[in-house]
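In what comes next, chain A is part of two complexes: it sits with chain B in the first one and with chain C in the second one.
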Partner chain A sequence: MARYYDLDDIITEDEGTSVIFQVGANGVGLLDPSSENNNVEKGSKVDLPFWLAHELYLRKAVTINFPACFNQKIRKEIQADAACVDLKIQCPYFYEFGCKIIPLTGDKTLGSFLQYAFTSRYKEALSKSHGAGTSPKFLNRLTIEETHLFEAARCSMINLKKWRLGGCRLEKAAILGRKRKSV
Partner chain B sequence: MYGRRASRLLREITCCEPGQITAFNSDTFEQVCNECNEHHQQLLSLIKKIEDEQLDMETTRNEEHYGAVIHHLSLLRNKRCLMAYMYNRAEIIQSMRWKIGPVLPKEIHEKLNYSEEEYFKNHSTAIESYMSELDLDLTVDMIPPKDPYIQVRVLYDIGDVLLGDHSTSLKQNSVHSLRRTDAEKFISQGLMEEFVG
Partner chain C sequence: MAGQSDPQLSLFSCQEVEFLAEDELVQIIPNMKMEALHMICGDFGPFLPQIAVNVPLWLAVALKKRAKCVVSIPEWMSVEKLTQVLEAERESPREFQPLPFHYIEISRLIFDHARDDIPDVYMVRSLIEDIRDVRFHKVESGLETISGRTHAVKLKNLSAMEVNIVRPFVIRALQAFYKHDSPQIIPQPEASGSGSRRPQVADRGPRRDLRPR
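Entry: the complex of A and B
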């Protein structure tokens, strides 16, 4: 519960996960659009957010289908040219979600795959963050975790330049907005 | 889907630039609270069904039980989202006291919820009473100073201000050499800028 208030963690757990109910559940018809009464039948296949799927899995109420964003097709694409794959469209929190899903699927290869994907994409992101212009196309391909790293690298570069050149050290509070109002 | 609305509330925070505050979304907040109440009602009615069938609450694992579990989990999830929403906003509100000072500009004030305004006021009072106990202004010199005096250019008419033992008239576009500690709050409020060269 260390990350109880962590926004990224909460949104990661919102990722859809396809599950099959091993038991029936009454009074929760909203979960299954095809259900006619207000119940979910045993054996029905439903998309649940991860937070719910995880807890129900621990109670042995559902089994989890392997998420599509880590399927063989993506793995092959990553192996071919990791930097060019649009991971954000697969899953905005690709790595975090991957780490969360590993214990639930028992897939031994997923961990090393995630590591491979991250290390091969990291180099490109780091060198681009120090360069002058970056195409928005490239930024759109990064997952949220990669975007955070990218921003951190860029920010430290800006700070370094500012420190070397000197100049204003006191600044207007960022929360007031950058635009100066016309008088 | 359960919990969808609550996470939309949080996405609002992550979408805006870090450190900025969005207007308090009381509509969605209310709706999520109502969702919580609904889950609670459903939960109670499912539990009642189990009790009516005279089954043991702790060991029963029938359809009602799993329905109740799902409502319970959704309730906890919604609670977590609401707590995180308030917590992350409170962090920003705290930092505003250090960056802007005890009085918030109107455009930020409008974005706060009533309880958040109270929180800001109380936080501000707590800091002030601590500082007066120490007899030291903790909000200045956040960046280590190189010189006790700096050159500033006034961006907006501020008027006559008592600085130290004499009053200075701070007119727009005039340049002054002020004590750094005096200038700092005007700069962070965006009324002056550091004047170089």
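Entry: the complex of A and C
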């Protein structure tokens, strides 16, 4: 709730999470496309947005399957060469979603894995963002948080270059440009 | 600060940093006679022909534009001094040489408005560019060592513009590292039981300085 107005936080919570219903639920058939009547059977596997899965989990109505974007395959890839993994395609809010899912899955290694991934990918972003040209290919691999980081650094470099080259030093106030209305 | 263009990020634009730099004092040699100016920040003058006087940079620029003075170039902007600084910067990969806090902005303003007062203007200019590049490279390689254990970053002798460039990046990076290193995310072995969270935070290793003092 602390980040109630944070758009990124809201979108993070929209991430699909696969859950297994522990109880039958009546009247919510639209959650499960395969249900024939309007109910979700006990034990059926359904994809829910994280915010809903979280609430149902707290009420012990569902158990949460471990999300695919943190599975062993991805972990191996990150360990091999973190900078080359396309995390955006896995989950645009990889880190934030990971942090949110930790208390629900009780996975003890996920936290250190996220930290490792961020630390090793951070260096790449650092050297690329302050340098000259960058390939769009590299940008496509970044998660949203990494993109913010990258853009923050690049903007300040661009501003510095602009300032150094000079140009018009006196800016005209917006109001001065307007023509006087004929009465 | 009130005039910031982006208060959310606590970020100054380059123009704003330049504005702040205009308060630095420089020495001018006026060629006209004028009474002392009484400003809120202090009194400047009286101005007598050929008598050197210290004024803020903005006043120096204004007088220079009207051809009422010659700006005497600060000592650190001489070719010898800058060559020394550049060499020292290259030799010590972990330390920054002391330069005026606003050296990039001051030199830029003087280059723009009083370039005829500088002997060897091209040399001085390229030396300052080189120094800036070397220093920035050092900042970058220093930032590579940030990790979850970094609580604060100490950079001695860094100038205003250099800080301003890396500020948005560093703030975000440190926030992200802090988040990923929090005890809720990474369960710590001693965290078992009902131990309070405070001691753990204090226990997270010594602060790592980016540069030796």
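One rule holds in what follows: the second predicted complex is superposed on the first by the 159 of 183 C-alpha atoms of A that agree within 3 Å, B and C clash if a C-alpha of one lies under 4 Å from a C-alpha of the other, contacts with A are read in each partner's own complex, and residues count from 1 in each chain.
As a convention for this text, a contact is a pair of C-beta atoms (placed from the backbone, for glycine too) under 8 Å apart; a residue touches a chain by one contact, two chains touch by 3 or more.
Small disclaimer: the values here were computed from a predicted structure and weren't measured.
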item	value
Which of chain B and chain C A:176 touches, first, second, both or neither	first
Partner chain(s) touched by A:153 [first = chain B, second = chain C, both, neither]	second
Which of chain B and chain C A:130 touches, first, second, both or neither	second
Which of chain B and chain C A:81 touches, first, second, both or neither	neither
First, second, both or neither for A:23, with chain B first and chain C second	first
Shared contact residues on chain A - chain B and chain C	169
List of chain C residues in touch with chain A within their complex	9, 11, 13-15, 18, 108, 112, 136, 140, 143-144, 146-148, 161, 164-169, 172-173, 176-177, 179-181, 184-187
In the complex, chain A residues that touch chain C	95, 99, 102-103, 108, 111-112, 114-115, 118-119, 122-123, 126-127, 129-130, 145, 148-149, 152-153, 155-157, 159-160, 162-164, 166, 169
Interfacial residue positions of chain A with respect to chain B in the complex	4-8, 10-11, 14, 23-28, 30-31, 39, 49, 51-52, 55-56, 59, 61, 167-177, 180, 183
Touch list for chain B against partner chain A, complex	1-3, 7, 10-11, 13-14, 19-21, 42, 45-46, 49, 61, 63-64, 66-71, 73-74, 77, 80-81, 83-84, 87-88, 92, 95-96, 99-100, 105, 108, 143, 146, 150, 155-156, 172, 183-184, 187-190, 193-194, 196
